[in-house]
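In the part that follows, the structures are each spelled out as structure tokens.
Same chain, two partners: chain A is paired with chain B first, then with chain C.
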Partner chain A sequence: MNTPVTLYRDLFTELEKSLPGYDSLPLRGLRQEGMQHFMDKGFPSQRLENWKYTPVKAISQKIYHINNHACQGLDPSDLLPYLIAPLGVYRLVFVNGWFSQTLSDLHDLPDGVRVESMAKLVKEAPDMLEPYLKNKKSGSDQGFTHLNDALWSDGAYIHLSPGTRLERPLHLFFLTATSKKSMMTLPRNIVVAGADSHAWIVESFASLGHFPHMTNAHSTIVLHDHAHVHHLLHLGENHSAQHVGTVESTQKGDSRLDSQLFSFGGERTRQEIHVQLAGEQAECSLDGLFIGNGRQHMDFHTSIHHTHANTRSQQLYKGILAGHAHGVFNGIITVPPHVHHTQSNQLSTNLLLSDTAEIDTKPQLEINSDAVQCSHGATVGSLDPEALFYLQSRGLDASTARNLLIQGFAEELLQRITPKLVQNWIEKHFNKGEYHHES
Partner chain B sequence: MNILEIQNLQVSVMNKPILRGLDLRLGEGEIHAIMGPNGSGKSTLANILVGRGDYQITAGTIRYQGEDLIVRSPEERAMAGVFLAFQNPVEIPGVSNARLLKEAFNAHRRYGHLPEMDAMTFRTHLQERAKHLGLSDDWLLRPINVGFSGGEKKRNELLQMLVLEPNLAILDEIDSGLDIDALTDVANGINALRNNLRSMLLITHYPRLLEQVHPDKVHVLIGGRIVMTGGMDLAGRLEEQGYGWLSEVAA
Partner chain C sequence: MLDSNAVNSAISQSYKHGFVTAIPSDTIPTGLDEGVIRLISAKKREPEFMLAWRLAAYRHWQGMTEPRWSSVRYPTIDYQNISYYSSPLTNNPDSIDLKDVDPKLLATYEKLGIPLSERLSLAGVAVDAVFDSVSVATTHKKKLAKLGIVFCSMSEAVREHSALVQRFLGSVVPPGDNFFAALNASVFSDGSFCYIPPGVRCPMELSTYFRINAAGTGQFERTLIIADKNSYVSYLEGCTAPQRDRHQLHAAVVELIAMEGAEIKYSTVQNWYPGDAEGNGGIYNFVTKRGECRGDRSRISWTQVETGSAITWKYPSVILRGEGSVGRFHSVALTNNHQQADTGTKMIHIGHNTRSTILSKGISAGFGHNAYRGLVKVLAGAQGARNHSQCDSLLLGNTCSAHTYPYIEVKNKTSKVEHEATTSRISEEQLFYCQQRGLSREQAVSLIVNGFCQEVLRELPMEFSVEARKLLEVNLEGSVG
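So, the complex of A and B:
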């Protein structure tokens, strides 16, 4: 029987030899292991607690084809609408899942900072990558990740030596040039921030054209002692796109991760962000802003595991949902026994702009230690009619008043974006956001 | 000419009559005070004038500059120069005072077929007015009314009035909860805008503000009707004697 799972197995058999890392036995083994897990477990079932609200069937029923070579023929000017800024940013561009040298710009990278295409590096230094490619999870909820383990094509490898700083933001840009032949891209990124290093990394996803496509992305971020990484995710694919992504981050002592997620696109988007605070005084801040309209599905899952004492985490996720959009926020905080003096705050606030929009939001705490500080909460509301009237009474028409209130709702998260260049870029995307169309 | 003419205005909230045949005429350049006990319908009148939705107008007419006001939307009224300083202005997180003022000011300019003011000139325009009310520059960057004290909210309403320069300003208890200094700032703000075309309705409980502003008339609103009209002496008498002696007139 040809189920999607067996079809992907056949595809794997066909493509395996051409995928990066085939010449390295351990890496070949990791891909095969990923495929084996995928065969065993398949796509996650909605019966699983953390997949309960995700329309997995709708995401996985379609068979996508996978491209094993780079797409040629894109002109740098095609990229302009998607770039943070033409100058002042390092840029790695991936088209249909593969690195494009001509569209990228890595001029003047400081010494000690290595930025490469994974597909290229895997040939030169497979041993270096192996530990980061090993997927330690293998539950029945890991289907998409296992598929990525098996079939990943390319992505960015970023290594910051101890004490190095990337002064300009590094933009990892994943563009799918869509066509009638629906394609799945499977990017894989690795970021290793050495002790005392500092970087701004922006990962963004977009589509050229309006045909359906799927992205199955995976990023691993490792922060060593005192490292500080800003990781901003911008999900802005077309309205027929399926996006499933995972970020796995491990933090050593005194390190700091600032994760900011901005999700405005896609038909169905699911992003997971998992953080291990695995060193004393490590801290992370996870921000998220998502906007859904029409029949968009926006689905976010965070988990923060405080494995060490004196670690801190903070989360603020805000959803704006119009039309028939459906949002999900599920955040898990775990503190094992005997881990003391942790601090965790989590807040999910949501703005529903129509009676038909929906949000499922659920904080989950698994706290087995006493000496902790923890707060969490979730709110769901609509635009305040008093505030709308107030603005109109000052001369603003109804739609300007409405937009101002929606922007006001998001403002706190937009304000926290640094540097200014990136903030302006996200604000631009936000301001032409889909919430403008009443539906 | 009268800028505002209200005849036999009857307004209900959830089928409960609040205004019960109210008549009022306000001439160009005039300032009238409206006084009255709590719950007599003062704020209802103010809200009706700026087009708030949750009231039913069951009878009567309101003419502003000779034209029917009731048919116009709140924003049309604002741009035609009607302004209400709310008794309890709402808090709007994430939207700065400057942002609102810029949007509102430019909406007014467009309505008057004037070009939008450039950012620098507008900034100066704002800062001058903020200073007039004793408000600091960073005030403008704060979200609208969020965490403001009662007095700060009142000043903020007045700042909007000074920037938008309305033809008809209705100030609903702008003086409640203000100390003497703040009251003087507010009175100065009102007097600064005063000219022979601009008119104001001051809703108040106290003669203190009226002593600094010198209204042309003082009306007493009880039970949804204007039951008496007089001058400053009437305000003084109300302060001393309350409204009890008027209940016969009101019945």
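So, the complex of A and C:
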């Protein structure tokens, strides 16, 4: 029977030899293991608690082909609309899942910072990558991750030696040049931040053209003692794109992760962010802003695991939903027994702008230790008619008043973006947001 | 304020309802098949429709599998190793007069603090006492009948008010609703039935008292309360069981129906035997409770204090169908030793301008596991729906756990939904402050726990509120430190 699962297996058999890392036995083994898990478990089903609100059939039933070479013939000027800034930013560009040397810009990287294409690096130093590529999770809800384990093509490897600082933001840009032949890209990124290092990393996804395509991305971030990483994720693919992504982060003592997510594009988007606070005084903050319109589906899952004492986490996710959009937020905080003095709070606030939009939010706590301070909250509401009236009574027209309130709702998250360069870039995307056209 | 001795004596007395009444009973052999269901139905001399209803539910149940999604853990239940019917032999099913009730039974309830004789019973509380599978006595019936209120055991209602039963039974919790509801529908033995006619305000609290006495039996009672237009009723439910080292299953169903302008207040103080400190024995309390605000401006409120049971697994819910209807849920769940609780509520907003409030307080001590699981669902047509939920958890000791799983699903932009939750322990500063004012550590903990639950406890009728406070103290045994 030709199910999507068996078709991907056939694809894997066909492509295996051309995928990066085939020459290294352990890496080849990892890919085969990923495929085996995927064969066993298949795609997750909506019956699983974690996938309850995700229209997973609509994502997985379509068959995508996988490109095993980079798309040629793009000119640097084609990229301009998508770039944070032409100058002042390190840039790694991946087209259709593969690294493009000519479009990237890594001039003046400081000593001690290594930024490479994964596909290139597996040939030179496969042993170095192996521990980061090994996926410890396996289960029936991990189908997309296993598919990435088996078929990942390329991505960025970033290594910051102890004490190094990346003063300019590093932009990892994933562009899919769409065509009638729907394609799946499977990027895989690894970020290792050594002790006392500091970096701004921006991951962004976009499409050229309006044909359907799919992205199945996976990033691993490891923060050593006292490291500080800003990780900003911008999802801005076209409105027929499917996006499934996972970020796995592990933090050692005194490290700090600032994760920010801005999701404006795609037809169906599901992003998972998992953080392990595995060292005393480790701290993370997860922010998210998503705007859905039309028939967009936006789905965000976060988990924070406080495995060590004195760790802190905070989360703020805001959703703005118009048209027939469907938003999902599902966050879980876990504190195992005997882990003391953790602090965590979690807030999901949502704005519904139309009668047909829907939000399902589920902020969860699993607390097994008593010396904790934990709180979470969720709100769903619409624009306050009194606030709208107030603004209109001051002479603003209805749509300006409306936009002003929406802007105010999002402002808190936009303000937190650093550096200024990146903030301006995200604000530009936000202001283009389609909620404006809603009456 | 209780003095220290009072707390200590309360602590040492542990489960005071753990005695067994030595009374001959008619207990049918363990096992479940169609024959057993026919036997139960025959013993209760039920009309034909009831047997057909039970059998349909049983056939449905056979095709169902036991749910496993909750956070509670228990060994597999052998449904063939439970006796589905047990009745004290001396009880005459037709006895309405208290004179005919076995004095031993009356003494049992006396000992539990629920006097059944009218003279002694608390002024203003009518009691339906259920002993194992049957209702032994219902008090104040005549007084209530004058107002047209029907308050009797379910078995009696099935025979005497079959039209009402046929119309409403299973209309809120259908027989095939879930695994335990289907099991209940096929084997339910007794329970309370209550009908308040239009415009009547029930002058006294109605109450059911459940007691499991026989060993190796399960209790499957079914309660149905109908408040007709513009009526009002406040209903109390209490429960206890003897101390036994084997787990016993209690799978009840409670259905509430509120018509236009009616109000139902349902309060539970659940004190089933929780098992010993090592987690042996105790009741599995797997209950389906659901109310429907069928008419406009109707109100249903659930108030529960869950201190007993080895495992509590229930979600008293409200379907807010009528325009402007109101649903409320107030809960205190205490888990100590090896008790587990997975409880919460569902508020389904269907009608315009429906409102709901959820207030849940979870307290975990010892190895207790306490989970709040709640759903607030606003359907697309529920214009102007409003919900506020608050769930707080208090942890006493570092081996217990508190989990919170709120589900919020909103499909209407004019609705407003808020949820907030906190988890923390009693801080050293709070304890220090109380102790510095002269309270012992136990008193301080008791005071703080009481304050934590205050908002819920004050929703209970007075007599229950006092009992609930005492229960909280008793059940916190050994968790202070």
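Keep in mind that, in the parts below, the second predicted complex is superposed on the first by the 438 of 439 C-alpha atoms of A that agree within 3 Å, B and C clash if a C-alpha of one lies under 4 Å from a C-alpha of the other, contacts with A are read in each partner's own complex, and residues count from 1 in each chain.
The rule we apply is simple: contacts are C-beta pairs under 8 Å (C-beta built on N, C-alpha and C of every residue); 3 or more make two chains touch, one makes a residue touch a chain.
For clarity, every value in this text was computed on a predicted model and none was experimentally measured.
Visitor: Given the alignment on chain A, is it a clash or a fit between chain B and chain C?
Guide: With chain A aligned, chain B clears chain C, so fit.
Visitor: In the overlay, answer first, second, both or neither for which of chain B and chain C A:244 touches.
Guide: Neither partner.
Visitor: Which chain, chain B or chain C, is in touch with more residues of chain A?
Guide: C
Visitor: Which holds for A:387: it touches chain B only (first), chain C only (second), both, or neither?
Guide: first
Visitor: When the two structures are overlaid on chain A, which partner does A:353 contact: first (chain B), second (chain C), both, or neither?
Guide: second
Visitor: If we overlay the two complexes on their shared chain A, which of chain B and chain C does A:412 touch? Say first, second, both or neither.
Guide: A:412: touches chain B, not chain C.
Visitor: Go through the superposed model and pick first if A:192 touches only chain B, second if only chain C, both, or neither.
Guide: neither
Visitor: Between chain B and chain C, whom does A:398 touch in the aligned arrangement: first, second, both, or neither?
Guide: The answer is first: A:398 touches chain B but not chain C.
Visitor: Please work out how little space separates the C-alpha atoms of chain B and chain C at their nearest point after superposition, in whole Å.
Guide: Closest C-alpha pair between chain B and chain C: 16 Å.
Visitor: Quick check on the complex: what are the chain C residues that touch chain A?
Guide: Against chain A, the touching part of chain C is residues 69, 378, 380, 393, 395-425.
Visitor: Tell me, which parts of chain B touch chain A in their complex?
Guide: 50-53, 73-75, 77-79, 83-84, 86, 89-95, 99-100, 103-104, 107-108, 111, 143-144, 160, 164
Visitor: Can you check the complex and tell me which residues of chain A touch chain B?
Guide: Within the complex, chain A touches chain B at residues 384, 386-387, 389-398, 400, 404-405, 407-412.
Visitor: Which residues of chain A touch chain C once you look at their complex with the stated criterion?
Guide: Against chain C, chain A makes touches at 49, 337-338, 340, 350, 352-382.
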